[in-house]
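Below you will find the structure I want to go over with you.
Labels run A, B, C and D following the written order; every chain starts at residue 1.
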Amino acid sequence: MSILIDETTRLLVQGITGKEGAFHTLRNRDYGTNVVAGVTPGKGGQDVDGIPVYETVAEAVDATGADTSLIFVPARFAADALYEAADSGVELLVLVTEGIPVLDMVSAVGYLRGTSSVLLGGNCPGLISPGKANVGIIPGEICMRGSVGLISRSGTLTYQIVHELTQRGIGQSTCVGMGGDPVHGIGFVDALRRFEADPETESVVVIGEIGGSDEEQAAAFISQEMTKPVVAYVAGLSAPPGKRMGHAGAIVTGSSGTAQAKVDAFEAAGVRVGRNPTEVAALVAA
Amino acid sequence: MSILIDETTRLLVQGITGKEGAFHTLRNRDYGTNVVAGVTPGKGGQDVDGIPVYETVAEAVDATGADTSLIFVPARFAADALYEAADSGVELLVLVTEGIPVLDMVSAVGYLRGTSSVLLGGNCPGLISPGKANVGIIPGEICMRGSVGLISRSGTLTYQIVHELTQRGIGQSTCVGMGGDPVHGIGFVDALRRFEADPETESVVVIGEIGGSDEEQAAAFISQEMTKPVVAYVAGLSAPPGKRMGHAGAIVTGSSGTAQAKVDAFEAAGVRVGRNPTEVAALVAA
Amino acid sequence: MDLFEHQGKEIFARHGISLPPAAVAETPEEARRAAERFGGRAAVKVQVQIGGRGKGGGIVLAKSPQEAEESARRMFERGFGGMAVTRVLVESLVDIASEFYAALTLDRSRGTYIAMVSSKGGVDVEEIARTDPATIRRVAVDPRIGLKAYQVRYLTGHLPEEARSGTASLLPKLYDVLIASDATLVEVNPMALLRDGTVIPLDAKVTVDDNALARQPEVAALRSSFPVDPTQARANDEGLQYVKLDGEVGIIGNGAGLVMSTLDVVTQAGGRPANFLDVGGGASAEMMATSLEVVLSDPAVRSVLVNIFGGITRGEVVARGLLDALERVDADMPIVVRLDGTNAEEGRRILEEAANPRIVPAPTMLEAAARAVELARTSPEGVHG
Amino acid sequence: MDLFEHQGKEIFARHGISLPPAAVAETPEEARRAAERFGGRAAVKVQVQIGGRGKGGGIVLAKSPQEAEESARRMFERGFGGMAVTRVLVESLVDIASEFYAALTLDRSRGTYIAMVSSKGGVDVEEIARTDPATIRRVAVDPRIGLKAYQVRYLTGHLPEEARSGTASLLPKLYDVLIASDATLVEVNPMALLRDGTVIPLDAKVTVDDNALARQPEVAALRSSFPVDPTQARANDEGLQYVKLDGEVGIIGNGAGLVMSTLDVVTQAGGRPANFLDVGGGASAEMMATSLEVVLSDPAVRSVLVNIFGGITRGEVVARGLLDALERVDADMPIVVRLDGTNAEEGRRILEEAANPRIVPAPTMLEAAARAVELARTSPEGVHG
């Protein structure tokens, strides 16, 4: 087992003919992911190194049974790509595109709640179930199959921590990069719930950063519902306080948003917190 | 048992202080329905013959545990009343108001799909589980507790048929008036599914009319999923064909919309069809 | 409310949709002058609130201003499909490469809007929908999101290459018309690809939601241009749904379903309904009185059947309204009254006490129908108040 | 992007929101003349992209044009909160009956917008939110439906009777500003009930989504009025996220999380970061070169730590960018480079072959941080290219 993707995943790539789209699609396929189709409007009938390109997601799903979509389209087309994939019955949408307007994401996330599709991202590196499937831009060679589940708001910081785990011989069940955008799909709590239910996952690493209140919510969930051990890391302990415009954000979250507040919340929930990526790996090993 | 409402229903009335609202609220209460609250903005703190009036639905639900709302507000406020009730966690929304713009209903029905609230109406007479609860404007005195479930697109035609059943000593489990508006909440199929699952209901009467394709869908559902006997009636056999503007409607439904086509669909599904309300009651009695 | 083609096109134009030059003519002479302005050749199109003009001779391609004038005259004189014609649209001819079909309408069964594009248009698209469904692409449209870009690509993807981008830019504008005008139908048949590469609507069928007219005052104002029957207009003004039919038994009921069912039982009893009249929910005494006046204004009526089953409508109100009406109109024919439901007993008592000889009470709907049919047969002909 | 108060208010005005008469002044004299126009007494308000003006002396109620001029002069000279001040807003005084608070912003945790109204305003509303939460009412707003009428009634239901209808008509306009401007914050503190019964915003804090500036050209154009640091501007032009800090270890990384973590480990190693610089995903050689130039332009920098873990960013591109930059800038300080991830081996090989003496390879992030901190201590001071 693993969460969200595995060897049965049938991957479709929206925006497959773009430069980054083609590059990462082929890397994902080289990793062993079952990439069954691509979609680029106006390029239906072409192929990308043997992967058939369709005009619409519906056609691609009909022809190939794709159940997961990896999305690389430009930011201004991102919401539409989500609508198309969800309306076509794709189960998991992995949105790598960055720079998507917040209003588009609020509308799309609201729309997706009324469907059976699950979103990861946007502005996210995707996810990997090592040895099974890699969907996104996480470098597969730094990962190793094992029993640690990992969920992160960061991109490259995730790679860093995965790398440290792998170097200690600690493998991962699934590494999930949820992305750092303020409005996003799967968050800490969703991923933690899935890891808690996944038989292959024995412990979980949560990688947070300053801003928002995702970590505080994760801490609350962990203390109430998690039985598996959790190690956390929060980037930005030495970050200077940002310049503040208004009060509304603080009223909404009821949180200061500082890294220290998040570390405190995790520790109060019984989560061990590493001071740096290396210490995180050491705590998992301990 | 019965469907949707029974003696445990806790009823709230939106627009309780209006003329029709107050009249039917008191009739419903006289019938024995547990009317716990009313809502009229600007009149919070008042009461209607002892029923407390609140400023907002949320307050009313908090204070009284209301789980069903009967809505009498003017048409231009109807969609907002639905949003308020759904956002406040009310489970069943019974919308009596007529004349609501289609666009408002399309938006509201789409919104409600993303909530756990169930809508009946608009432009509907409501529903009654005889001897248990009456929510709406169906005259309770014509009904009798029993085992026939009834679902109808019509208002007064429903009363007529219920009346005929009762006069023959045939009681009803629940009589549901879904309303005749083109975009509505609970339809034939929803009600049939509930009646099929309801232990108290032994047979079902479906009352349709010309236009749309609800009856054809009901016929398909009955032939595939219903085990309980169904008797149908379709009003409008002698109606002259309407003057037609475009082709789109016929393309969408794939149906002529005539009463005869609906009768044929029912009969093909093994449903006995009465030629008039009296014959419907006779078929149920047979 | 069904708009004339030219009214639909005026709304189209306000949403930035290109259209052929055209002019509305209310006389044959105006039609001739318009055709002159467009270079002599022009399409003359009858303006009616029904479809079927193409097959029914409602569209004439005139080769000269004289022909345009003559065609218009014929249209004004003969009407179309039984409806009076008060205006025609004279439209400059365009150079058509191919014709398609586009429509946005309500999908009642799903509770959403639906957009459709057919790669064949200008012909019987219902027949096409049955025999060759692949030519029609359709998508559901959620007004909370609008017509999505991918849907427009899909809808236009089966059109010839050269028609795609023109159609793709037209569809969102048609959708804007649908939403901004509270329409339940925006149909363009044919939608034409011209030789110059543009895609334009050659027809416009727009139906506006009657329930939304209060917030669409500009659209509602277009009603004043529709040909109206004075009886119909009086009924509508009172909020009554009245449709004139060909029989002799006048029918008044409350609720469309019950009235339709009453028509059915009258037909089954061997009579012919003279009309459909729904007084609606919660009818006032005044509405009942007007209903009776409206029905009695039809000289073919021999008897009247009033079939009321009260919910919001109350029996005593119905009874008083009928008695009021009988004081105002001299109805020398039997009025069979069947009352049940809310306060029906009080209503029956009021009628009984009034003891008006015209009022014939009936205990059931079937008996009421039988009695009304029988009385229509025996009622003296042609004596009206 | 945070707007100045006066820019937010200009957007408010375009959405039909009433505001006190006001004028922007870019010199003390302009401030005096504006105060004269408003009858002598006026509020002089520093225009900055941060909050805290009320407590921090950024708002002066001037009793005369002279006082307005002097206040404006002090503001221009001293700046506010460490930021340069290039303009002040001079605003006519209004007759305030009471003050409230209203805001629309993003609720990240729910993925929706949220609207809030507090019956107490003009003071520390965060403190109120903690100590007296019942004074703040909040509702979630779905942009597919908008601010619902019942929500507006709820939001205003705890205000004094006389302020309710004015606030109820203001809130939908503020919501329109939020959506039409792609804002993530529209905050009004205080929102004032005037003695004449009207409710108006006395302040306007508007933050616009940076990701939406491409479709908000009018808003984006307001950037030209913001005080900018040239180094910052150069970084932004290249799509780099650069924040100047107070230390001596220059930091370049890819991805905000990794860069923050790099700051943390440098701090933990006893050093002080000189900056935060995120080259973003898929950095080009040119972006790497510009990054190095930007970091080196800070005279306090003694060593640089380049920490790249490649995903979209590729190791060989990073390596070439660094080598390019070292040909353009004369960097006489050590550049500790740690590369991992996509094509990292190739990148390391390129750097090794180039054998540039400035480049100090490091195998791990912790070792890189320790080395950069150590080299910053031993690096010669003040010798820059």
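Following the convention adopted for this analysis, a residue touches a chain if its C-beta (ideal position, glycine included) is under 8 Å from a C-beta of that chain, and two chains touch if they have at least 3 such contacts.
Computed from a predicted model, the values in this text were never measured in an experiment.
Each chain gets a centre from the mean of its Cα atoms; the one farthest from the centre of chain D is C. Put simply, the C-alpha centre of chain A and that of chain D have 27 angstrom between them. Centroids built from CA atoms put chain D at 58 Å from chain C. The set of chain B residues touching two or more other chains comprises 107, 110-111. Looking at chain C, residues 142, 144-145 sit in touch with two or more other chains.
A complete topology is adopted by the chain contact network, contact being made between every pair of chains.
Across the complex, chain C is touched by residues 144-145 of chain D.
Chain contact summary for the complex, chain A toward chain D: residues 20, 24, 75-76, 98-103, 105-107, 109-111, 125, 137-139, 142, 152-160, 163, 180, 182-184, 207, 209-210, 212-214, 217, 233, 235-240, 243-254, 275-278.
Interface residues of chain D, counted against chain B in their complex, comprise 142, 144-145, 148-150, 153-154, 157. The part of chain C that touches chain B in the complex is made up of residues 2, 49-52, 81, 101, 103-109, 111-114, 116, 125-126, 129-130, 136, 138, 142-144, 179, 182, 184-185, 187, 189, 205, 207, 209, 211-212, 214-215, 243, 245, 253-258, 260-261, 263-268, 273, 276, 281-282, 308-313, 340-342, 364-366.
Of all the residues in chain A, the ones that touch chain C in their complex are 41, 55-58, 77, 80-81, 83-84, 87, 107, 111.
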